[in-house]
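Consider the two complexes below, in which subunit A is the common component and subunit B and subunit C are the respective partners.
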Partner chain A sequence: MKVTFPHMGNVYIGAKFLMDGLGIDYVIPPFNSKRALEIGSLYSPEEICLPFKIMMGNYIESIERGADTIILTGSCGPCRFGEYAELQMKILKKLGKNLDFVVLDLPSDIGFDELKRRINKISSQSPKPKKEKYMALVNAYRIIGLIDALEAKAHDRAGYELNKGECKGLLNECKKKLLETNDPKEAISILKEYHKKMDEVKISREKKPVRVAIIGEIYTIIEPFSNLYIEDKLMEMGVSIKRTLSPSWWVYNTVILSPFGLTAKKIRDAAKEYLPLGVGGHGQECVGEAVLSSEEGFDGAIQIFPLGCMPEIVSKSILPSISRDKNFPILSLVVDEMTGEAGYQTRIEAFIDLLERRRRYVLSRN
Partner chain B sequence: MKVGIPRGLLYYKYKPFFTTFFEELGAEIIESPDTNKEILDLGVKLCTDEACLPIKVFHGHVEKIKDKCDLILVPRIMQVEKREFICPKFCGIPEMIENNIKDLPQITKAPIYSYSADKFLNWAYETGKLFTKSYIKIQRAFDYAIKEQNMFKEGIDDEGFQYKVALIGHTYNIYDKFINMNLVKKLNNFGIGVITHEVVDDNVKHMEVKKLFKRPFWTFAREYYGFASYAVRNQLIDGIIYLSSFACGIDSVIVELLKLEFEDIPFLLLKIDEHTGEAGFDTRVEAFVDMLTRRKGGNLA
Partner chain C sequence: MYYLGIDVGSVSTDIVVIDENYNVVESVYLRTKGRPIKAVQEGFKYIKEKIKTNEIAGVGTTGSGRHIAAFLVGADVVKNEITSHAVAALSLDKDVRTIIEIGGQDSKIITLENGMITDFAMNTVCAAGTGSFLDRQAERLEIPIEEFGDYALRSKNPVRIAGRCAVFAESDMIHKQQLGFAVEDIIRGLCEALVRNYLNNVAKGKDIKSKIFFQGGVAANKGMKRAFEEALGCEVFVPKHYNMMGAIGAAILAAERQIKWTNFKGFEIADVKYETASFECSGCSNLCEVAVIKCEDKVIGYFGDRCGRHSGKVAV
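And now, the complex of A and B:
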């Protein structure tokens, strides 16, 4: 059995060390590229959202490298993501690929026994004793938490750094180093080392950079390829960024907190005034985060979502009202496989310019 | 009190319920006119660009009647069946309307969970409160309305035509003659009868979807897939026409499921949006009809 999984930001790092810890053979799909997107779009339904297409590209590129089992998390509505597994399975089967799909749905939808059976399919392949399997899971969760935290730190500090590009450089260096090792313990020590290095980056708190919150559909804000590396672009412009949604945030909120009904409570409470009920996906979170980031003193927010994303269309209709009520600029960016980089870049630059000028002139709050 | 009922979205399905309910409570009902060019243009102007056509049309209907009534029905239909959903946009439609349209009268915002009478009654109380203080009166109006709705015969099942196709698509696309350019009549003129999913019993659909890997969590998906699967298996139809609105997330999944599953049956996907031209639409329907005829004649089959 050779396991693979679709890309989504730092997920591959967590998944890699989980499989390393379990001693299961795996393939990390090649990093998202134009090729992956092209192959993916070719075999996907025309009107499906962008994440589906990129994921298809990942699968096919992994299959070329020998993968035969795909692990995917699921959901049961109302957003389209829940139907991904069903469609992808059928399409790949039609393409003649002989594959196993392991879909990890929440137990509330498929029952604990079924979930256990599905997890067993993977874990029974592991030669390690039970205790080590458990440790592998714990370590992987720690690693994904650490890398997400490191990334968040880099995004925040990028605006304050004295030597331009240092944070970004450190982050990339760390990711590179992580790929060179196969030992979860070593990975943790690398991550700790880089956390320390990141703390030591020379910064100046007097700099007062533009601060922007990235909100919107979870896949397109986490997976840098799908949003045309917006975070790197912003870091280069010396903007300090916050993005709450991350793979570890998702695991914590969806897997651990959901049985208690506490998923993203703070964010959802903030959204109540504008959107009292969940609309699937992370539509309510998007609205809540817009409210929260305006209260936290950010200069603006950028919403990103794939074309046709149903929950985000609802939140997009609401964001202008928040923007008006709170005097808080919000830019909505829609991405799909046709998004042109130049036009996209121009819009981001114009938005950052607007935020900078608001500060200097009478329009500003302070 | 004057209650406005926009002729959009699931109006075509739940019209008896809503009109009876409000009438029993002593309201005067103001329905928006059938969809027309003006309503469509209003909707396109007001609504978020990325939304699908039916949502835009609904915006147009609300805009059209907003000055004439004191309360507008904006049904936030969350679930009509346990563990199933309608569509994310339905869950947020009151907010979309509120934020996109200015100077609105009051709108109904309470969520509708209609899979059990108890849950559904919450909506009735919440909305009925605006008319009367008496719970009994609301309860009675609700009971009447449910009765009325249950008597409502939906669906099309044409008899006496040479060919028969399954017309699949959302209620608000199939029964809105303006946005589908009177498709059913067009088909009938070509000698093609139409059968829609409401004709087939719900239990049958539940059985049919069991063969999918995952239980469909959209009511629409279960109904359409179950219906198509039943109709194909029992050879009730000569082909499938899927009427879909551009950027409908649910359709993008169901269409693909059907295409992957039923390879041997003629399948036509008609997509409508605010720019659809009638000529191109007609040509595609004609070509499909020609294909059906030739197939049956044995030329290409």
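And now, the complex of A and C:
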């Protein structure tokens, strides 16, 4: 058995060390690129959302490298992500690829026994004793938490750094180093080392950078390729960024908190005034985060979602009311495989200009 | 001292020279024709006759070709079109609340409050109603684009044209022509359709308040101006230099910066021979298309690589 998984931001780091810990052979799909997107678009329905297409590209590129089992988290949820696994299975079957799909759905959707059976499919391949398997899971969870936290730290500090590009450089260096090892314990110590380095980056708190919250559909805000590296672009402009949604946030809220009905409680509570019901995906979270980031003193928010995303279309139509009520600028960006980079860049630059000029205006008035 | 503003757009390249009071001293309006470097050089050839290099105290570039232009001339400020257009409009009238800007392939709306941009939008998936489309229709009807607006104004009974999509709008126009409608009525109908399209797409959900400025190349079209006025029920102002507002804004931004030493390379670059080439980088799976600018066989710059391997910018 050789497992693989689709890319989504730092997910590959957590998944890699989980498989390393379990002693199961795996393939990390090549990083998302134009090729992955082209292959993916070729075999996907035209109207499906962008993440589906990129994921298809990932699978096929992994299959070319010998993968025979795909692990995917599922959701029988009320957005098209719920049908991803089924559709992808069918498409790959039609293409004559013989592989196994292990879809990890929530027990509330498929029952504990079924979930256990599915997990067993993978864990039975592991030669390690039970205790070590458990440790592999714990370590992988720690690793994904650490890398997400490191990334968040870099995004925040990039606006304050004295030597331009230092935070970004450290983050990339760390990710490169992680790929060189197969030992989860070593990975944790690398991550800790880089956390320390990141803390020591020379910053100036007097610099008052523009602070922006990134909100919207989870895949397109986490996977940099899908949003044309917006976070890198913003870091280069010296903007301080916050993005709440991350792979570790997802695991914590969806896997650990959901049995207690506490998923994203703070964010959903904040959304209540504008959107009291879940609309699938993370539509309610998007609204809640817009409200929270305006209360937390951010200068503005950027919403990103793939063309045709149902939950985010709902939240997009609500955001202008929040913008008006809270006097809080929000920019909505839609991405798909046709997105032109020039117009995209112009919109981002103009939005950051708007935020800067707005702030200068407020300062000059006081 | 003078300030230079360059707007390299998809269809036109505009170069303006303004003085310290932001009055336009010189201006050139050229067709880009897909060759931004050549367009800028041609413009410089013209301006060189009137203004000396050492009189220029700052340079700003804008438009979709702002980066390549900035690199070519040595710009002090590189700004996006939205900010540039707003700055130029505000320099004319502090009370402007809405800017409708329709260029070669872009259409934008900018809303302002107290002299500050509060919101903006750009066309995303559709370019129906922009300058390129009107150009093409003028050509098809064999009417000079300059007279297009006058034809619309002569019409008494506009024909309803389907304006959702540029291709279907054309089909509908042909259909109406074949039914025997007058050209004037069809053109006016087209203007109304494009305005409808603009208000329903680009301006959807935006508060359009007066005073309204209409700028960009399409503002030359009187038929469009009237169609906007009829649809919005208030006066729409077309500034004198409506087709150069981006360049004027860029020049003002350069002037506002109050830099001591400009990076300007001088009008002499008009006579230097530049060549462009491109290749597909095989450094990683992104396969970026990298453009190379050469000056007399010497490579002077790279564009388009994401990682900075060639252009040497901050690595991703």
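Operating definition for what follows: the second predicted complex is superposed on the first by the 361 of 366 C-alpha atoms of A that agree within 3 Å, B and C clash if a C-alpha of one lies under 4 Å from a C-alpha of the other, contacts with A are read in each partner's own complex, and residues count from 1 in each chain.
The working rule: a residue touches a chain if its C-beta (ideal position, glycine included) is under 8 Å from a C-beta of that chain, and two chains touch if they have at least 3 such contacts.
These numbers come from a predicted model, not from an experiment.
In this overlay on subunit A, subunit B fits alongside subunit C without clashing. Which of subunit B and subunit C touches more residues of subunit A is settled by the count: it is B. In the superposed model, A:Y274 makes contact with subunit B only, not with subunit C. Once chain A of one complex is fitted onto chain A of the other, the partner contacts of A:P320 extend to both subunit B and subunit C.
In the superposition on chain A, contact of A:P107 is made with neither subunit B nor subunit C.
After overlaying the two complexes on the shared chain, residue contacts for A:G238 are found with neither subunit B nor subunit C.
In the superposed model, A:V334 makes contact with both subunit B and subunit C. Contacts of A:P311 after superposition on the shared chain: subunit B is touched, whereas subunit C is not. Centred on subunit A, the angle reaching out to subunit B and subunit C in the chain A superposition, using CA centres, is 80 degrees in steps of 10. By the touch criterion defined above, A:D353 reaches subunit C but does not reach subunit B. Minimum Cα separation between subunit B and subunit C in the superposed model: 5 Å. On subunit A, the surface touched by subunit B in one complex and the surface touched by subunit C in the other have residues 320, 334 in common. The residues of subunit C lying in touch with subunit A in their complex are 64, 79-83, 106, 114-120, 122, 124-125, 205, 284-287, 306, 313-316.
Per the touch definition, subunit B reaches subunit A in the complex via residues 47-48, 50-51, 55, 76, 78, 83-89, 91-92, 95-96, 99-100, 111, 212-218, 221, 246-253, 255-257, 260-261. Against subunit C, the residues of subunit A that register as touching in their complex are 30-31, 33-36, 164-165, 168-169, 172, 229, 232, 236, 320, 323, 329, 334, 338, 342-343, 345-347, 349-351, 353-354, 357-358, 361.
Across the complex, subunit B is touched by residues 45-49, 74, 76-80, 82-83, 85-87, 89-91, 94, 103, 105, 109, 274-275, 277-281, 283, 307-311, 313-318, 320-321, 334 of subunit A.
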